[in-house]
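Dumping the structure here so I can ask a few things about it.
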Amino acid sequence: MKHIKLRVCLSLFVFMFLLFSGGHAFAEKPIIIGAPLSIAYLYGWDAERGIKLAVDEINAAGGVNVNGKKRPFKVEVIDTRDLEPGVPVSEALMAVERLILSKKADFIVGGPNRSEAALAALSLLSKHKKISIVTSGVLTPAYHKTIAKEYDKFKYAFRIHGEAVTLIGEMIENFVDLKEKYGLTKVFIMAQDVSHARGAAKVMAKVAGSKGFEVTGSEIFPTGTSDFSMALLKVKSTGSQIINIWMDMPESAILLKQWYDLKIPALPFGSTLAAAEQPGFWKATDGKGEYTLCNVVNAGNAPSDATPWTMKFYNAYAKKWGVEPEGLGSSSSYMAVYVLKDAIEKAGTLDSDKVITALEQTDVMGVYGRLRFDPKSHQVIAAKDPKDGAVGSILQWQDGKRIVVYPKSIAKGSILLPPWMVKN
Amino acid sequence: MSTQESRKERIDRGIKVRSDGLYALMSWRELCYLTLPRFILITGMLSLPFLVPDMYWQRVISIVCIYAILALSFDFMAHYVGLVSLGGAFFIGTGGYIAGILNTYFSIPPFLTVPLAAIIGGGFCTLLLLPCLPLKGVYFAIVTLMYPLFMARIIEAFDIFGGTDGIIGIDSFSSSFAEQYFVICILLIFLFGLRRFVTTDRGLIFTAIMDNDQAVKASGINITKYKALAVYIASSMGCLAGACLTHIYMWSGISQFALDFSILPIAATVIGGSGTLVGPILGCLILVPASELLRDFGTLRIAFYASILVGFILFKSGGIMEFGQRKYEQFERWTKI
Amino acid sequence: MEILVYGTINSVSLALMGLGFAMVYGISRVPNFAHGALYVICGFVTWTLFHKIGLPYVIAIILSLGVNGALGMLMYRFVLIRVRGMNISEIIASYAIGLAILEGLRFGGFRGMTYTLPVFMEGSIMIGPVPVDFHRLIMMVIGILLVAVLWVFTHHTRIGLALQGMAQDERAALMLGIDSDLMAMLAMGFGAVLAGVAATLILPLGNIVVESGYHVLIMSIAVCIVGGLGSWMGAFFAAFIIGYAQILTVVFIGSHFQMVVAILAIILTLILKPSGLFGQQKELEERV
Amino acid sequence: MTDPILKIDQLSKRFGGVKALENVSFDVFPGDVLGIIGPNGSGKTTIVNSITGFIKPNSGNIYFKNKNITGKPPHKIADMGVTRTFQVMRPYYSLPAYKNLVIPLFSPRAKRTGGWRGGGTLGNRQTIAIDILEDIGFERDSYIPFKKTSTLPTGYLKRLELARCLALKPEIIICDEVFSGLSMSEIASMVPLIERLQDEGITIVMIEHRLRELFQVANRVMVLNFGEKLIEGSPTEVMADKKVKEAYFGSEEVEEVMTYA
């Protein structure tokens, strides 16, 4: 017992000391950006690529000048695994803490991807007084409402991409012009049993009802459901014309494939549909994903000319990573780094409180429109026109390519209906 | 080595034979022989927060202690009561939720919610597990595996306690030292408490139930009552660990019912040596920091950690403690045949 | 009417998932917690053979079933054979292997949603008022055919009887000269092939994702427990009970209770009648 | 005759198709030693299991001091004083011999009655355990009570079974083949022990195959065959009966085995 315990403890401590002594001394001390992302998932690796692209561009252009001194950015990515079912959120929180405490991150960008983890991380960030900009996957309106409610406790958190409530606004607009164009009035809502999707589905039902749409049904599916046949039959029997989908689980591909095989006369309109955002979606459903619409929350993720910067980002991303920008996290993460750089340069220091005030006055014309933060809730201000706010975008899969159909100002095409719907 | 045949011989140390029986200890040397391992364990654990360099690893220590408490309760149940429960996550989740609710809705300070959560949680879990007590072996294991999943789905479907978002804004322990020492002391108390309890006469009944439950029934003892007592002890320990976890992370949600909380304590027990009560703690001391160190390798971490587990099960199923104990209490020498 | 059609389809898919697990436990009393991993790895092997190496679809499937079977046997030969009989170590060992395979796949780049298998037949036909796509029909037919073949195999062929003999009483079978380890290895390989068959039938409906491994494991445990551990016929009928229960909850109560039903079935069955519908556990053994 | 301490009427039990017991009824009077004999598989152990609650009979009921105890859980029946030994011995192999007796001393009945020699209040369990062991033949000062049960010879294990019943200060002990597996000398030392228990006022029901020793002790005998009761009476009547010989030996001629002291 005596020898065993000693040997085990000793080797453990030595191993730990070794790990941390490796210093990194070169020119100016770098500003460390911590990125706790679920890199095994779309919302994780696309955010990682967005951040790294922005950091490389900034460092190439000479880095961030903090009152005179030019300091480069350094990215530390840690896998939080929080989008995996069966993994406790404490894993993600431990990853965030590891970034703050042992990797000495000055700022957190990308944030944990799951809404629950992001909400849980709020109290952690306020305890360590670290600024965090959430860029991918956290759609729950509860996030910016909590910040607004307890401002001085949670003022360190920002969110640079749209959330469920703005999505609904955009959705309703599309439904209205679909109603004029094709006379579609019956909406059937399918949401994943996750709090933001479930909340959004309720709000959507209420708003659609008030706008003269008939909500023919609303189904909530627990994460991991693999059979949607009954719901699809209900859609067919109630004669619904639009299926509003709020799902970011991979099983949504089963739904779309079955929708195509059964030729259900209703247009799948995804508010959040992770499967459909990827360029690989076409191959994933062997072409059956035709006509699916999905909202990519901010414009940069699909080819459009919202601002001069959009296509510049789009091509730089494709050149560096060999694939078009994928999920909803790529352009927002890219912009988050630039917004951070701009705020640090304005504040002239890395001190959290000063950078927060600088961030609150941000007014940068970015990849997906003019980025300004609401001073109270630190939520990016959304708008329909790139000139006065962050613009969301909705795209439709038309014969193998992602065509932006909304908002009108940057649309490249208009919404088409599947052939078996047009004739009636 | 000479050409003659010779083989290794293992002989008990003189001290072990004398001190193991009921005879009094004659010399200081024997006294320190017995207390040295325990002494090293206690001082080692208590000095850990000072030795470790930075804040992050101190947080890892409290996580190690939480897993260790859970592994201890699994080992007590599996080895001393014969109930193999794969549902560690059920205890963690219940304890976490109760602590979260007590803290947010009734605003009770952390040092009070943790014991309360342990007591209430223990009762709640025992009540739910009562119908499964008569089951044996694989059946009990699979039922307990299902309970945490069931609780998570119930909370998700009925959207209670904040639904899938969970409860946020739970206040944490006053300082990180308080948090660590609170958890370490509880772990040590549980460890030595259980060791004492198991050797008392009342503790013997559990071993008897495991050994031969028909005989215990024939001697007029209601074994379901004692099994329920054992489940209550184990589940209140688990709920306490869950409550501490909630206060450390200031958050409790359905992912506290995740599978990781069921599997890691069992792995630690297998590696540390099941049945020795100290083994699982040693196992946690090795597994949790190792999985933290490997965090940089991303998803390979789990694959690597699973293969360590398989390796230990196959080649050293007794675990480190058994090997350590044998080395400490015996010595080997070559003898000529 | 659609409840009947889709209820059967859902039940057959559950039965396919659970059959492998029930077969392995029935014969060698080893709870194979790596069943989900075998299901997923067969999907990915078929995908690589079909897309990366470009073999025709049918050959890709047959080859991958072979690989799966070999993997099952190897797993038994090198790992499970040493822990057989020790209850808890079996569960941990097989679960650890499953975990290693699943996370190894995830590390090997099999991530995201772009991995799919083509459907056997495109389009759908109408059965009465209910539209059903061809692939689901083929799955149902093959599922029922498979059970019939299994029934004939275990009741009328030599190996089948040997396997059944071992299932009843291992020691007696040993005495009669049946090499129980070889039989257990065969059973594990066979269970893996069944998992592969389930994968090739169910995966084309959606895409191949590592998470479905955990989902399949839970579902197959549910089916085998309700059906009675050890009797794969019981598992088949239990699959119908759970399948229809799920469909009915979706239609009448609400779709978000769907998962709760399966898990509730397990817990209730274990408490009320641990040996399940057709289980042959001796009365005293499983209830004290 | 005072009313019976134990009354069984119309007890029957079927395991699937097999008829283990077919409406068996008999009475046991206080202070009696009732011997139950019969070929293997005649339902002897099933009777014991039904009386002590390990198995629930299909029909019929069991009265102990005119209280119906059919279907009660085993620990409640043991708590009333109806104890049993097991045909296949069930000591706690992992514990030393005297600790085997500490366990029953934890039962509610032991607390009330203070154990075998206790006078209503329970002293230190260890000393009581060692007293009981000494009482049934374990030498006190020798190392035997502290040896691990797994190292004890069968004779001692059988006595340990009896000791477990004694720890509860029983009113009835049902001995399931106590003599089987013992050498002649061990049996010779067991018989006075059984007689001493009888003098202590404990009613004993003995299930046995070794008829010679049984008849030295038992004052009433009952014969079972294929779950049915053939005959009940004093040992001499039963032995003279034709049917019994048939059931046991398949024919009537074999005489010398039937001679008894």
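First chain written, first letter: the chains are A, B, C and D, and each begins at residue 1.
Assume contacts are C-beta pairs under 8 Å (C-beta built on N, C-alpha and C of every residue); 3 or more make two chains touch, one makes a residue touch a chain.
Keep in mind that this is a model prediction, so the values were computed, not measured.
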When each step joins two chains that touch, the fewest steps from subunit C to subunit D total 2
Count the C-beta pairs in contact for A-B and for B-D, then report the pair with the higher count.
A-B
So which chain is the furthest away from subunit A, centre to centre on CA atoms?
D
Whole-Å distance, subunit A centre to subunit B centre, using C-alpha means?
39
Intercentroid distance (Cα basis), subunit D paired with subunit B, Å
43
The distance between the C-alpha centres of subunit B and subunit C, rounded to whole Å, is 33
Distance between chain centroids, defined by C-alpha means - subunit A, subunit D (Å):
76
Listed in rising order, subunit C residues that touch 2 or more other chains are 106, 214, 256, 259-260
Indicate the residues of subunit B shared as contacts by at least two other chains.
153, 156-157, 223, 259, 298-299
Contacts with two or more other chains, residues of subunit D listed in rising order:
none
All chain pairs that touch each other:
A-B, A-C, B-C, B-D
In the complex with subunit B, residue positions of subunit A that touch it:
1-6, 8-9, 12-13, 15-17, 19-20, 39-40, 78-79, 81, 86-91, 93-95, 97-98, 100-102, 115-116, 119-120, 122-124, 127, 140, 142, 146, 150, 193-195, 198, 222-223
Listed in rising order, the residues of subunit C that touch subunit B in the complex are 31, 79, 82-83, 86-89, 91-93, 95-97, 99-100, 103-104, 106-107, 214, 218, 221, 225, 229, 256-257, 259-260, 263-264, 266-267, 270-271, 274, 285-288
Can you check the complex and tell me which residues of subunit B touch subunit A?
36-37, 40-41, 44, 51-57, 59-60, 63, 153, 156-157, 159, 162-166, 168-170, 172, 245, 248-251, 253, 255-256, 258-261, 282, 285-286, 289, 292-293, 295-296, 298-299, 320, 323-325, 327-328
Touch list for subunit B against partner subunit C, complex
78, 84, 86, 131-132, 134-139, 141-143, 145-147, 149-150, 153-154, 156-157, 213, 223, 259, 263, 266-267, 270, 298-303, 306-307, 309-310, 313-314, 317
In the complex, the residues of subunit A that touch subunit C are 40-42, 45, 84-86, 193, 219-222, 224-227, 229-231, 233, 236, 250-251, 253-254, 257-258, 261-263, 274-275, 278, 280-281, 283-286
